[in-house]
Each structure stands twice: as structure tokens, then as C-alpha cells.
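Consider the two complexes below, in which subunit A is the common component and subunit B and subunit C are the respective partners.
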Partner chain A sequence: MATSEAPAAAAPAEPSHGRRIFLIWIVLAVVADVLIWAVWRPHLPPGQMSSSAEHQQVDIAVLAMAAAPVMLFVWVYFAYALTNWRHRAGDDDDGPPIFGHTGIQATWIIGTAVVVLAAFVFGTVELIVPAGAGAGEGPLPVWKPSGNNTLQVQVIAQQWVFTYRYPQFGGMETTQLVLPEGRNVEFHVTSLDVIHSFWAYQLGVKADANPMVDDVAYTKPEHLGGFTVRCNELCGLWHGAMYNYGKVVSAADFQTWATSSQAQLAKVTKILPPYALTYEPTVVPQLGQDLVKVAGITGANGYYYNPGDPEQP
Partner chain B sequence: MSIEIEPEKAQQPAGHGPAGPVPARPWWMRPAIHTAVVGAVLGYLVGHWLGNFLSHDYARNALSDMNDFPLVLGYVLGTVGWLAGLGVFNDLLRQMAGKPVPVAEEEEEAVSGLSKYFRFTLDHKVVGIQYLIGMIIYFCTAGLFAMAIRTELLSPTYHVMNASTYVEVVGEHGTMMMMLMSSVVLGPFGNYLMPLMIGSKRMAFPRLEALSFWLTPAAFIVLLSGVLVGGFPFGWTGYAPLSVQATQGADSYAVAFGLMGISIILAGFNIIVTVINYRAPGMRWSRLPIFVWSMVTVSFLMVLATPVLVGGMYMLLTDRTVETAFFAGQLGGSSYLYQNLFWFFGHPEVYILALPGFGIVSEILPVFCRKPLFGYRVAGAGMIGVALLSFFVWQHHLFDSGINPEMRPLFMLTTELISIPTGFIYLVAIGTLWKAKIRFTVPMLFALGLYFNFLIGGISGVFLSDVPADTTEHGSFFVMSHFHYTIMGGLIFAFMAACYYWLPKMLGIKLNETLGKIHFWTMFIFFNSTFLPLFAVGMLGQPRRVFEYARNLQTLNDWVSISAFLLGGSILIFVINFIWSTLFAREPEVGNPWQSRGLEWQVSSPPPGGNFEHIPVVLSSPYDYGVRDAPPVADLHPPVGVVSAAYAGAGVEA
Partner chain C sequence: MTLLVAFAAVVAGAVFIVIHYLLGGPPVVDYTSVASGGQVNVVLQEDPQNSVTSTPDWVSYFVQNPQTKQWVHTFQFKVPESTRVNVTILGYDGCTPARNNIWSHVEGTIGGTINVQSVDGKGQAGAASNVSNIDTWSHCAVGHSFAIPALHVYVPVLSPDASAELCGASPCTSGPHSVEKFSFMTPNHTGVFRMQCIIPCGGGFLDGFGGPMQTIGFMMGNMEVAA
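Up next, the complex of A and B:
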């Protein structure tokens, strides 16, 4: 950055501090960036299980490659300064009165502005290209994946459990999230009580669950395997225990699972309110009265809440 | 400025008569902390009774026979009683009755001994010390909650506390730190040093200043009392509808945060007016110490952002007590409304916590580099830039929430832009260190610690500002670690630097240097060993505020917990050093131990009553180190007539 234009007025006998710092920095920065891209990137979270996770991994690696030179510059400079320009015993004179240096100040400001604007452009591209990067986009998503074979999954959060409805399979509601490989998934995240956040860690998907709000997020699972779903927004007492596990299966296995689950859950689905993008919180307690009579779905501690008691237990 | 002012009676606001003799009453009848406690208890009882009287047929809470209304009224009237007991309203009533009221500079001469620290006082130096002790107590209390959190996180499932205690402890820690620590620098150092630095005998509004302090113990006690009624389960952010749904502990959160909000607004207001109107002749804006610049910018943030918080807390309280529906979606409200209100305050708030740190280190660096501050204007511009931009970034807390999805690139841009003025602080440090003569004193070590920590905190903030990367990082331990790096690694390190640098000035004693160095190195090492691994913990999938986490993260979490306990021990070293040096060793320090050019160091330590015998005339910048033939920073005994001439508009720059 600004080092090569160190303030003038160095005594002739003195080494060129600016050049030294620059050389140390450039070597370290190049080594660090090569290591980040070649060695660290494939292991960076959140992994490569889905399209959005892959993009996030690249994104984090690129940001790390931009951050490393900046941090190294400050550290190298500080280390150099603190070792070379310390006060010597008996020297009670003040240092050189340097009040500023227009060239260095301008270089610094332009340099940081360029880095920041580049990060902004890169981040925007990485947000738009992978259809919203797996983040919640609200009820009217602006960035969608192409293709029309999209699987819709509704994520319903409530204190303190996630359940999932599949509108393309009769609106059945399951307690486990099962997704097919290689097909775009459109999550509709909503809540029945307070704000939760749906975080499918390995899929790189995170969307807040607000009551009365339909929050849409996209991803495309690309590898088979299990993933964790955690609540990512403090939602009360058992927030810490609000997690479950999902899995990505092959397209054929998914079809088998979905059709058999749909048949199995038919009697529960009948009692459920018709599939909708949001559900009014006040109608939920009445639902519980019917639901607990049918095996299959229960709330956090075995029952939905008593209608007369909206409080936490 | 056209106010005619005598040097001897300078800056006395017009309209106030001379102070009458304070009527001699027995000590227990004079307003002080004991009458305040009596007033608080009485006020609480009256409020509680009134609440029950007005709302006995409200039954919001099916689980208990109590509703929230009596509790809230109890808290509010208890606070009013506390203030009345302190005598906050006495001068107001006296003035309304046409009686003379005391003037700030004169009152402080009249009281001596320790009792003045337990009273409502007009002396900014007493308020500064009150703030200092208060802030250390609040910080340590909140720190103990942090120790409790880390104890629970030693195991991947709950073991020491149950789920309910754990969220209570998390909420108390977060709220206490975020709301009370917003005054950790402005309270003690801003109030104490700012008049000294600008050459003033007093603050503009001494009563508001004292009130701003005496609201903090009320907020602290109200907040802490939440644990008696079950605490609150929503952390420091208090998102509705969870905070509307929660039991009575939530009232303590909303009232305490509201009280602290008022305190912050008053403190900021006072600082702004003082800096604009009470600068000594010759203290041009271009000579203002950079610490004062940071106080001014922080004060603007406090005055402009905090009313939104107070409004939000008020709405939360009415939702909870009288069944309004600001935040209930099915009744026409919105859960997003609270998030927007909260973060519209909340994001300037984190700069309220960051900017004082920048000011302190930029103030200390030139002294121990023996060089002028490099790029003074850049430093000031950086602070102003950060303060301005901080109002335009708040929705980056809501990137995944589904609100305004198409606005995310804009908020990504504003958030990333803020790193440019923040970078100025580093540019200034880099320039100042160039060919300096660095003295590694304890304050300098802490200042350098800030540059190290804040770099990590700031750069990790760029990761969070990037929407795709934020999808993984948002709400995880990554962001938790990020803001601990900026606030604890930044603000608290700067606070420690300020303590070691300015306590000799404020208390007239030296702090033990060996203990200080041990304190620095333990704090620096254990701080980093606590929070650096938490970036990894967050990236590996651990959300914030959970008591259960993946088994494979236990080793990292245990490492962090043990480091956190050692970090707590390091803070204990500071407390021991502080108590030992001030109460027992008491090594006097009267002069200018750092050979600083700062105006505050040109008077004796501790400064005399009224700060300056005469209003000084400022002659040069406080950073003219190494300048041949630089004039002294100020003429402390200007010829008679110069000051009044200056106020009349004539030049005094010679």
C-alpha cells in the first residue's frame, strides 16, 4: 500500500525502512494468499454440500485472501516499528515533527476505497448469481434459480421445534427434513409464535422465521448426506435444544420416501389447516387439541400449547 | 459570542444569583445516597400499589396472579423516588420558588471528604469519579455473568445451570455490558477530563451531568432485579414477540434500558453543549484534542440514536402492560418494527462503544511516541465519517430476516464503506509510529493492544457485511467473537489505557506499574486465547446463546472457557491494583509523569477546585512534540482583560 512512499527526510545512513517493510509484507502476503486458496479453501465452512454452501465457501476464501494482506501489512508495520523505533535510554529528545503527508494519506484512502468497493461488487455478484446465496429473501424473492422443477418445502418453526410441510405431496407435515439431490429447493420459512431462524448449516441456508411472514430461501443440494438444522435466533428457554437433522437422498429415494410418507401421514394431514404460506398464531392452540389425539406429530413437550396459556411453561 | 464575562467569575450562566449559604442541617437530613434509598423504596411501594389499584382486573399472565403494570409503575416511581431522595429536584423547586441556587464552581469548594461521592453534586470531577467506580462495578458484575456462561459451556449439554437460568444469565450479561458500558469512557473520562482539555472551569449543565450518572445505579439495580422475577429469555436484543410473551423479568429489561437511554441522551447533550460553548480562548476546533473529538462524535450518536431506543422500550412496555399491539403481526403490528427500532439505535450504539476507544488511543499514542499526531484532520474526519455512516447500516443485522431483500446490496455497501473511515485510525497510528521514540509504558501497551485486537474485530466485520458469507456467520459464535473483539478488545483495552494514563491525574496517585504490566500481558494473551477460537466455533456451526452444542466442539469450547476464567483473573489483577494503589500504597503523583503537552496535564494533580485559577489562553496544539520553539500549550495566567476581550470577539492568537 502506502509503504513505498515513506516520508522523506531520512538521514542518508539510515536504511530504507519503507522498502524493507514492503518486501517483508509482499512476501508474507503472497504466501498467505496462496495458502488460503490452495490449502484452506476446500476445508472452509460451510462445505460443498449444496450450491449455496459452495458459493459461500468461495466467498469466505476470497474475503480471507483480501483480508490477509491488509492484516499482514498492519502487523508487519507495527512489529517493525515497535522493534526499530523504540525509545533508547538517555535519549530525551522528541521524535521528528511529522504532521502528515498528503501522498501517503491520499494513497491510503484511495487504496482502502478500492478494496472496499471491490468487496462490494464481488459480494453483490455472489449474492445474485447463486439465487440469494441461501439467505432468506422475504415473501417476494428477487433472485430466483432458473428451471421449473423446484421442490417446495415449508419450514414451520415454533417453540421449540421445526416441522416441514411438502405442498407438492398433499401438504404433509414431517418432523424430518428430507431433500432430493440435484434439484432446486425453495424453502418457505415461517413461525407460529416468536422469531426463530432456520439454519441448515451444511446446506448454507439461513432464513429467519417471523410469525405471519413467509421468508423464502433457495438452495440446490449437490451431495448425499446428513445435515444439521439449528435455530439461529434466541427464541426463549429451550432455544439451545431446538435442532434436528435432515438428509439429502437421491432423487429416486426421495420420491419413494415422499409418496410413502404422504400415505402414512394422510390421517394427520386431514386435521391440519390447509397449506398456507403463513398461519395465524392465535389459531394454533386450537389445532393442538385435535392433533394430540392422532399419533405422529407433537409439539415441543408432547403437546401444543393450551389456548388459555400463551406463556412459556 | 457576545456574553460579557469576567475572568474571575467566568462562564457563570447569566440569571443565577450568587449561592446563598447552604443551610446547616444534620447529616442524615441532607440529601445523599441513604435518603435516595428511602425514596426508592417508598416510590416502588407507591407505584406497585397504584398499579394494582389501576389494573387489578388485568389478567395478562395466566401463570401468576400478577400482571406487569404494578411492576413497571413500581420501577418508574421507584426511580423517581430515588432521584427525589438524592435531591435532584431541589434546585429546580428552589428556582421555581425564586430562591438562589448554587453555582457549579462554588459548590465544589464547599464540600470536602468522601461524602461528596455519595451525593448529587455539581462538580464534574466528582461525577467523573462516581462514574469511574460505578462503571468498574457494573463491568465486574456483568463479567461474573460471563464467567457463569463459560462454566455452563464447559459441557456440550446443560450441566451446571438449567435452560432457564442459562438464558437469564446470557441476557443479564449481554444487556448489562451493552447498555451500561456505553458510558464507560464518556462517563468517567469524558466528564472529568473534557473541561480540563478545553480549558473550561465547568460543564455546561452540571445538574444534567449528575442526573446522567445517578440514573445508572437505578438502571443497574432495576436490570439486576430481573433475576428475582425469573429473568428475561431474550438476550440484550429483546426481539418481540418473544419479549412481549416473556414473564415479568422482561419489564426490568425494558425499564432499565429506557432509563439508561435517558442517561445517555443527557450525558451526550451536556458534552456537545460544553464543547461548543465552553472552549477557552485560542482552543480552536483545529486544536481540539482528538479525545474531545471522539467525545463530540459519540455524543451526537447518543443524542440522535438513543431516543429511538427509548421509544422502542416504551412501545414494548405498553405492549406488555396495556395490550397495545405494536409488535403483534395478527393485530396489525410487526415483529420487524421492533427489530428496526432496536437496530436503528443498536448500530450507532456499537460505535458509541468503539469511537471513545479510537479517541483514547489516538490521544495516548503521540505522548509515548514523542511525535505529533499524524494526520490530525484525517483522524477527526474518520470519527465524523464513522458517526455519520453508522446511521445507515442497521439493516445488516437483518440480512436473513426477509425484510427488504433487494436492499441488501445497499446495506452491504454502507457497512463496507464504514471500514474506510475506521481505517483512518490505523493510518494515523502508522504515521505516528514512523521513526518515533516509542516508550512502552502501561497505557501505551494497552493502546497498542487495541490496534492489534480491533484489526481482527474490524476485518471480521467485513466478512459479516458480505451477505453470502454472512449467511453462514450470522447469529453464530463468529459474530459474537467479532463484537467482543471490537468492544472488549477495543473499548475495554482503551478504557484500561485511559485508567493507567489518567488516574494519576484524576486521583493524584500512581498505579503500580509492575502489576499494570502483569495485568496487560495476562489480559492481552487470555483475551485473544478466549475469543480467537470462537471465530472457528461459530464457523463450525455453533449458534449464539445456546447451552447445547455439537460434541465435536467441546475441546474448543473448553479451551475458551478456561481462557475466559484466566481473563477474569486478569481483570481481578486490575481491581487489586486499583484498590491497592488508591487505598493502601497511595504513592502521590502531582506533576506530569508522561511529559504530556495536554492541557489537562498543565494543572496540578488532582486539579484544584474550579480546574483553572484563570481561564487559560490556548497558544498551540497539544501535539506539537519535537517542534522547535513550540510555544507552551497554554498561558495559564493570561493578562487581565485578554479573556474578556477574546469573548468579545477580538483575536488572542499571539
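Up next, the complex of A and C:
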């Protein structure tokens, strides 16, 4: 039976908020990720001077690209809610009841789980790729570069300077770190006194320098230029001053530099101890017994001084 | 009220300590006024003790005032930029082997050498010679070093004979010592450049690198390069 009452005016259809939010978010997320990769990535630290540095730069960019959509979703939702669902004048009605939404909950849990697990897998792999990712691997490195034309460089730290030894060039030791472009480098990092850390910033290499420990790290310089070496472990009052600069040169220039340095340093190389992976810091191998008797010098316990010195800690 | 006064006293004390620490460093001996012809002569001595501080048994450098010729207890001096610095070091302290024998090597000086001469306890000077290495390990030969790492200047300082009776009061004016001369160029820009001894001569401290080795004015200091 037909009613005599006029039908009530139909309420305006509620727009699909979820679709709107998704569309806004997806556009912003794509734009942000493209900007991060194309614009920001080339300027991210530590740069692209070496294989390890380049990987670290990609790692930071990828993690930023994973984080940006999540951050943008929160911001978009927040802005959308403020714009569309804020309290308006004269509207004293309660909001609609909120019930659980299995689809949204599942999407959120699965989405965030995928992001976290992907970051976990990616981060774990990148911790060791390429060839240990430029980090100190200890004395028995597991992740090594392929090829056999690796240049070995020993980094010797002491308060408050680094020196560098090249075993393939007669064991010469220099105060300058020079590396060839396009060749794998195997750093052997050690210390002669306290704990230091060798951090070749633009190369993306960081390895602890512990006395009597050979800490191995790899990288492959891929661009010419200078880089900074800093100690990254508090090693005394002048830790902040423990830095110097190295440079990557062409393979030919490196060969010229190395062979000429080897000849120039031949005299001092002769009086250095034979190349070894570590050096006992409390022993001076060439000291004769006579000197110890005459001068009361002792190499024991890390001191070159008479143990009776009243200032012994 | 009492609490307020006590609080104010503590704050004042802390401020005094901070200001004293920041402003109360060792003096900087100014050589800029005596530089001429693109050169300046800097005279230093390193002693087995210092006799003038609250830690008199700490080894220390002294810098000679170019006007008064008096020795100043400090290891800080100021020189002009783009200038040849002719350094003379009187080495009065005994020997200590370097932890790394690379510090036997002379680096960063003009010509890559230093001129060394020994003077015995009676004031008799031996022959001077130019050397590029002084082996710190083969015999008791090196007391300290003069290093400006940022300029790649590394110079071992010859010590008196191991059996010599060292000068007992500082600044030393007699006793066996070495006379060491070398030159290097200051950079063409101003700046403050850290100087340090790299021989572990902080007797009694961990690894020989504590005490005077970490204290400005003793075996650690700065070279100021002025315009």
C-alpha cells in the first residue's frame, strides 16, 4: 500500500574517504620516493668514492624510501581527518559508531610486517655486501672481495696519529694514505697502545684498532679524490685531533708514488720491525740488554719506565 | 637564604673554574715581530723536568722569548704564514724508545734532514751532521720528537748519551744536550696547528701518553700561524 507521506530527502552519499586518502597518499609517496632516489641519494653520506660507500649511500636511500610512504600516510590521514572530520558549528550529533574493520586491520598488520621484514632482510644483507660492507671483520674475515689483485694496507694507530704500512712495497710505512682507483684494498687495522678506530669517512670504511688484534676491512676506491681519516674511538684527551687525509689516485700514479716512496723510505724501512699483522706494544725488539741496564728502561706492562716511578698508577 | 647563598657560591665557583680553564692556558710566545726576509728563528728546549709548575717532574718543552731571550714554560708559539721557520731545539732530556720506530725518520723539513750536534757535560760540542733518521731503537738516541701532524712535520730529537748526568733544574742552561736545527714552511693561510711529542715520554702514565703528553704547554701545544 502506498503511503501518502512524501519520501524523506535522501542524505548526500558519503564519499569514499578510503579511496581519497589512498589516492592522495600514493601520489605523494611515489613523488617522495622518486625525489629521494633521484635528487637526494647522490648527496647522501658517505658519497660514492668507493664500493662500500656507494652501498651505504644506497642503503640510506632505500631505508628512507621505505620510511617515507609510512610517514606520508600518517601525515595524509592526519591532514584529511582535520579537513573533513573536524567539528563544525551547529553539528552536535555524535559521530558514527566505530567498529572493527578486519580488512583495514589486516592490511595494516601485513603492510607494516612486510616493511619491517623487508628492512630486516635488506639491512642484514647490506651489512655484509660488498665484502663486509667496509666494516672491520676481525682477524678472520668471512666476506672477501673476488679477484687476487688486492692491495694490502696496514693501518697502525697510536696516540694520536695514524701511519700506514704497505707490505707489498717492501713493508714501507708512511704517514700518508694513498690508494689506487679501481683496485680492491684490504686494510689490516691495529693499534700500538689504546683502542682506536680507523674511519675513512668518504670510503665508507670503519674498523676498530685494538692492540694485538688484526682487524680486516675491505673496500674498492672507485673515484679519484681526497678523503678524511678520523679516529672514531675516544682514545685520550687529543682524540679529537687524531685525523688526517688520504687520497685516491689513478693506478699509474699510485704505482709511481709507491715505488718512489719505497725507495725514499728504504732507510727507515730497514729499522722498522718486520711486517707483521700485529705488534707487541710493550716490546722494543731492537733494544739491547745494555740499554735496559744503563737507562733503567723497561718494556714491561706497557711502560718504558722504571716500575718504581712514584707516578705509576 | 642560606641555601641561596650556598647555591650562588657553588655557581660562582663553577663559573670561575670554567673561565679559568678556558682563559688560563699557557702563554703563546710571539715570533711574528722578529720575522724578516720570509724567515723566523724559533728556539726551543726540552727538559727532563720543568721545575716551575705544580708537577715539576713532568718533562716539558720551553720556548725562548725572542726579545728577552728568557725561557718561557710553554709549548706554544706564533709565527707568520708563508714563512720559513728555522727551529733550534736544545735536547736536554734522556732517551726513550719510540713505540713505532717510524718516528726515527725525519719528515716535512726543508731538505728532509735535520742538523744535529751533541754537547757533553763539559760544554764540548761534537761535530754537526745532517741526518734523515735517528734510530730510536738501536741505541739510546732519541729523547722526544717535534711533530706537527697537520703539516706532516715529524722530527726526532737527539738525546744526550744514556749514561750522561742530565740537567737537574729547568730551564736548563748547562749539562749534556743536543743541538738540533731544521726548517719548515708555514702554510699560506692562518690557523692553529697542533704540536705534540710522539715519543711516549709521560713517565708513569698509561702507555707513556698521559700527564705531560696530554697537557698543553708541556709536550703538547699549538703553533699559531698569523697573517
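The rule we apply is simple: the second predicted complex is superposed on the first by the 212 of 313 C-alpha atoms of A that agree within 3 Å, B and C clash if a C-alpha of one lies under 4 Å from a C-alpha of the other, contacts with A are read in each partner's own complex, and residues count from 1 in each chain.
The rule is short, and it goes like this: a contact is a pair of C-beta atoms (placed from the backbone, for glycine too) under 8 Å apart; a residue touches a chain by one contact, two chains touch by 3 or more.
Not measured: the values here are computed from a predicted model.
J.: Pick one for A:V194: touches subunit B only (first), subunit C only (second), both, or neither.
T.: both
J.: With the two complexes superposed on chain A, say which partner A:L237 touches: subunit B (first), subunit C (second), both, or neither.
T.: both
J.: For A:K267 in the superposed arrangement: first (subunit B), second (subunit C), both or neither?
T.: second
J.: Quick one: classify A:N210 as touching subunit B (first), subunit C (second), both or neither.
T.: First partner only, subunit B.
J.: What is the contact status of A:T124 with respect to subunit B (first) and subunit C (second): first, second, both, or neither?
T.: Once the two structures are laid over each other on A, A:T124 reaches subunit B alone.
J.: Hey, is it subunit B or subunit C that touches more of subunit A?
T.: Between subunit B and subunit C, the winner on subunit A residue contacts is B.
J.: Scan A:L23 for contacts with subunit B and subunit C and give back first, second, both or neither.
T.: neither
J.: Applying the document's definition of touch, where does A:I60 land relative to subunit B and subunit C: first, second, both, or neither?
T.: first
J.: Thinking of the overlay built on chain A, is A:V178 touched by subunit B (first), by subunit C (second), by both, or by neither?
T.: A:V178 contacts neither subunit B nor subunit C.
J.: In the superposed arrangement, what residues of subunit A touch both subunit B and subunit C?
T.: Overlap of subunit B and subunit C footprints on subunit A: residues 193-194, 236-238, 241, 281, 309-312.
J.: In the complex of these two chains, what residues of subunit B are touching subunit A?
T.: Touching subunit A: residues 61-63, 158, 163-164, 166-167, 170, 233-235, 237, 239, 241-242, 245-247, 329-330, 335-336, 369-378, 398-406, 408-409, 412-413, 416-417, 419-420, 423-424, 426-427, 430-431, 433-440, 448, 451-452, 455-456, 459, 462-463, 465-472, 474-476, 539-541, 543-550, 624-627 of subunit B.
J.: Can you name the residues of subunit C that touch subunit A in the complex?
T.: Touching subunit A from subunit C are residues 57, 94-97, 99-102, 104-105, 107, 132-133, 135, 137-140, 147, 149-150, 152, 154, 162-163, 194, 196, 198, 200, 203-211, 213-214, 220.
J.: How about subunit A: which of its residues touch subunit B in the complex?
T.: So the residues of subunit A touching subunit B come out as 2, 6-7, 10, 17, 44-46, 52, 55-56, 59-60, 63, 66-67, 70-71, 74-75, 77-78, 81-82, 85-88, 91, 93-101, 104-105, 108-109, 112-113, 116, 119-120, 123-124, 126-127, 130, 132-142, 189, 193-195, 197, 199, 201, 204-208, 210-216, 228, 230-241, 243, 280-282, 308-312.
J.: Which residues of subunit A touch subunit C in the complex?
T.: 156, 158-161, 163, 173, 175-176, 192-194, 236-238, 241, 244, 265, 267-268, 271-273, 279, 281, 284-288, 291, 294-295, 297, 302-305, 309-313
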